[in-house]
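Structure in structure tokens, see below.
All chains are identified by letter, namely A, B, C and D, in their written order; residue positions are counted from 1 within each chain.
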Amino acid sequence: MNAIKSANYEDIKLSNAQIAWRAAQDIADGAYVNLGIGFPEMVARYQPPGREAIFHTENGILDFGEAPPAGEEDWDLINAGKKAVTLNPGAAFFHHADSFAMVRGGHLDVAILGAYQVAQNGDLANWSVGAKGVPAVGGAMDLVHGAKRVAVLTEHITRKGEPKLLERCTLPLTGVGCVTRIYTSLAVIDIENARFVLREKLPAISLEGLQSLTGAELVIDGLVTDLNVPEL
Amino acid sequence: MNAIKSANYEDIKLSNAQIAWRAAQDIADGAYVNLGIGFPEMVARYQPPGREAIFHTENGILDFGEAPPAGEEDWDLINAGKKAVTLNPGAAFFHHADSFAMVRGGHLDVAILGAYQVAQNGDLANWSVGAKGVPAVGGAMDLVHGAKRVAVLTEHITRKGEPKLLERCTLPLTGVGCVTRIYTSLAVIDIENARFVLREKLPAISLEGLQSLTGAELVIDGLVTDLNVPEL
Amino acid sequence: MDKTIASPAEAVAGIADRAVVMIGGFGGSGAPIELIHALIDRYVKTGSPKNLTVVNNNAGNGHVGLAALIEVGMVRKLICSFPRSADPRVFTEKYLAGEIELELVPQGTLAERIRAGGAGIPAFYTPTSYGTELAEGKPVAEFEGRPYVRERWLKADFALVKAHVADTHGNLTYNKAARNFNPLMCMAARTTIVQASRIVPPGGIDPEHVVTPGIFVSQVVEVPDPAQEEELNRAGAVYPEGTSP
Amino acid sequence: MDKTIASPAEAVAGIADRAVVMIGGFGGSGAPIELIHALIDRYVKTGSPKNLTVVNNNAGNGHVGLAALIEVGMVRKLICSFPRSADPRVFTEKYLAGEIELELVPQGTLAERIRAGGAGIPAFYTPTSYGTELAEGKPVAEFEGRPYVRERWLKADFALVKAHVADTHGNLTYNKAARNFNPLMCMAARTTIVQASRIVPPGGIDPEHVVTPGIFVSQVVEVPDPAQEEELNRAGAVYPEGTSP
């Protein structure tokens, strides 16, 4: 990637909130959803009016809500990111084996996760940057093989300007052939038959420009529409 | 077996209640116990004073008590034999997977079951009399490989006068090498190193008489005491 | 989100011929009699669903509930642990006549296979049934010198479940030992249909007391004062009414 | 039968060197801080227990609870899913210095392995970790054309558990999401030691609301107003007090 492209990228790309907003539009009313720790958690804020998703957290809550005001935290009522949460009416508590029965047993409609890399065959790398440091996996490997639909939210390229959507992941895998849709800062891409199929892209970037920031072929198979997201 | 021996057997043998009484004396205070459907259920009546066992039923209750008076049954509160029961203070309900986690996971101190046949290697046959009719197994196969101690209550011989304690079971097995103690209508016998080791016998029967009603060698290894049981 | 369905008839309308149907309960406790009878009503009127595979601990008692489902001829195969009861004639006669298939499974293995189906565990090892004819043909492995039998998960197209209280999101509680197989079957079916004595709004069940979280439940239908199989049988009931046992 | 023990110190007195100890909690929620600190007190006084293998979802935070147990040098090996936290320095430094062994297990696999240990299931298959480096060396099998990894049960000599209410028979409830690994660990340990905010007589917990039945519990000790790890850390606490972080 050359510097000019990266500079341009910073100008046009969606913010994390905007990527989360776009992902939220695809969540059906009544869906059971797990949001990965960090940036994917923002998806909960952008549920379209009239739709009510139910959020699952691995540590044993269904239907938790917003964070409580500072000072009113109950530290027995936290999410997988160890942040204090509140409960919605209709919430339930359960132990970890039941929680991961929900995950592994295919009961979640969608899991939305962050990514270091995604390959065109659906492989995901999001838990380890390799040799150094302390490895930590949490529930990611369970989620990618459990939820009915596994979607990824990610910047289209790394801070160094390198593509994150690749022919093959080079980092340690979280799961094999598990991702079916990627919401990036530039585009919405489905994975079908081990290919990246472009569905939506920002009007501000050309198809060629997008391809040059992508580490594997972007296939056009049907309509490619504009990726329109409000200011947030 | 000849008819004379069988006639004599009927005169001297313990009643089912008496066999159950004897088995109850070996249950420690605080023990968690599962009693097989039917005759073994009588063991609960004969807990020695000052000892409190907690009874488990496969369908999902710990610490159930006596049957309620007729007409006061709650048919959602039954035991594994589908008989109405009551609860003791400290009872708990749980689903079948948790119930058999207790069984299979080695959490029960003792399971006390009936038997068609027991072999000197600890094999038990108590679920099927072979080809004809409808087979039914229930929780017996789980109990014999789960509880810390598996004991059997049984008549020493069949109604036809045939031995039930054998070198090898001839009926379909419930479990392999699982029984460690047998309370019969004539004796208390341990299974050790694939041998029947006689511990107690009724004073009214000779060692030779007992051996003649037993289908495998009765080994003497240590003291053999009198089997003394009150009238019940 | 509201999972409430107006009637048992509507709730069971989607069950197709040859479906695998788990039916909760242990004997009569926790047996969803009204859902079963609604299914029989449909069959009597339409001839469907038939050739069902039913998973239950037992094989019915008398001439109501599961026994009635078998008696009218809707069940091709039964997967259960204990096909005996106070009055098991309906199943026994069909079985001895070769009109119904039986897969006999030890009770704890049955429970664990259903849980495994719900938990995404395709197979597991258990000491239960090792060395017996119920383990014939199943893979065996040793762990720490002890032999175990490999068992497969059990899943269903539908589960018919009896709960005590449900909320409209499908969170459930049960009444006493009526819990038994019901929470497990909720997990293991593609579509879980629940009859509850009472349906309350979300928040009507304490989150600490939920036994089955709503994620495992597809539909809830209110059946106040549900029948108890044991009481029906003591009264000599037959279903459908007017048929002769 | 009364499983009550007078103090955390007495409750943890039997834990030997090289024991495998499961410690409940997810981060600070459900972490049995007082039992852990009692164990540290014993080690500080007697030099034992040491070379422990600890099973927990995490690796401690700050300088209290599990982090303190590691910091004083009692832990030889940690089995966990996520050894990161707001302040993971204690574990990180020992790990990078090669002073502590780490077995990293996906969170759902960790939970299921513990449950399997408690349920007498020596091994099971899961899709989790297939094709990743965490599955290296583990047997793989296909079911219905999909690959799965075989995982083994996990058992412990002791479990340290935090409950909300206990009765003297060991029946337990938990507070909100503090439930997490605690009920599973109760099942999987030879000796399960529970601290509860309140101990009530038998019958003090509704049988419908028991989360952990007493059969899984060996000892209960009352710890009213237990510490929350998060609050200790926000206050900059260090255990044992007076040591420097």
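Points to keep in mind about this one:
Note that a residue touches a chain if its C-beta (ideal position, glycine included) is under 8 Å from a C-beta of that chain, and two chains touch if they have at least 3 such contacts.
Just so we're on the same page, UniProt names per chain: A, B = 3-oxoadipate CoA-transferase beta subunit; C, D = 3-oxoadipate CoA-transferase alpha subunit.
All of these numbers come straight from a predicted model, not from anything done at the bench.
Path length between subunit A and subunit D in the touching-chain graph (shortest route): 1. Simply put, of B-C and B-D, more C-beta pairs touch at B-C.
Centroid distances from subunit A, each centroid being the mean of CA atoms, peak for B. Note: centroid distance subunit A to subunit C, computed from Cα atoms, is 37 Å. For this pair, subunit B with subunit C, the centres built from the Cα atoms lie 30 Å apart.
For subunit A, residues that reach two or more other chains under the stated contact definition are 61, 93-94, 97, 100, 103-104, 145-146.
Shared interface positions of subunit C, defined as residues touching 2 or more other chains, are 112, 115, 119-121, 126-127, 174, 176, 207-208. An unclassified topology is adopted by the chain contact network, corresponding to no line, ring, star or complete arrangement. Here the touching chains pair up as A-C, A-D, B-C, B-D, C-D.
The touching residues of subunit B, counted against subunit C in their complex, run 57-61, 73-78, 82, 93-97, 99-100, 103-104, 123, 128, 133-142, 145-146, 172-176. Residue ranges of subunit C in contact with subunit B, taken from their complex: 26-30, 57, 59, 81-86, 88, 91-92, 95-96, 102, 104-112, 114-115, 126-134, 174-184, 211, 228-231. Per the touch definition, subunit C reaches subunit A in the complex via residues 1, 115, 117-121, 167-169, 171, 187, 201-203, 205, 207-208, 210, 213-216. Residues of subunit D that touch subunit C in their complex: 112, 116, 119-127, 141, 143-144, 146, 148, 152, 173-174, 176, 207-209. Against subunit C, in their complex, subunit A makes its touches with residues 29-30, 32, 52, 54, 56, 61-63, 87-94, 97-98, 100-108, 145-146.
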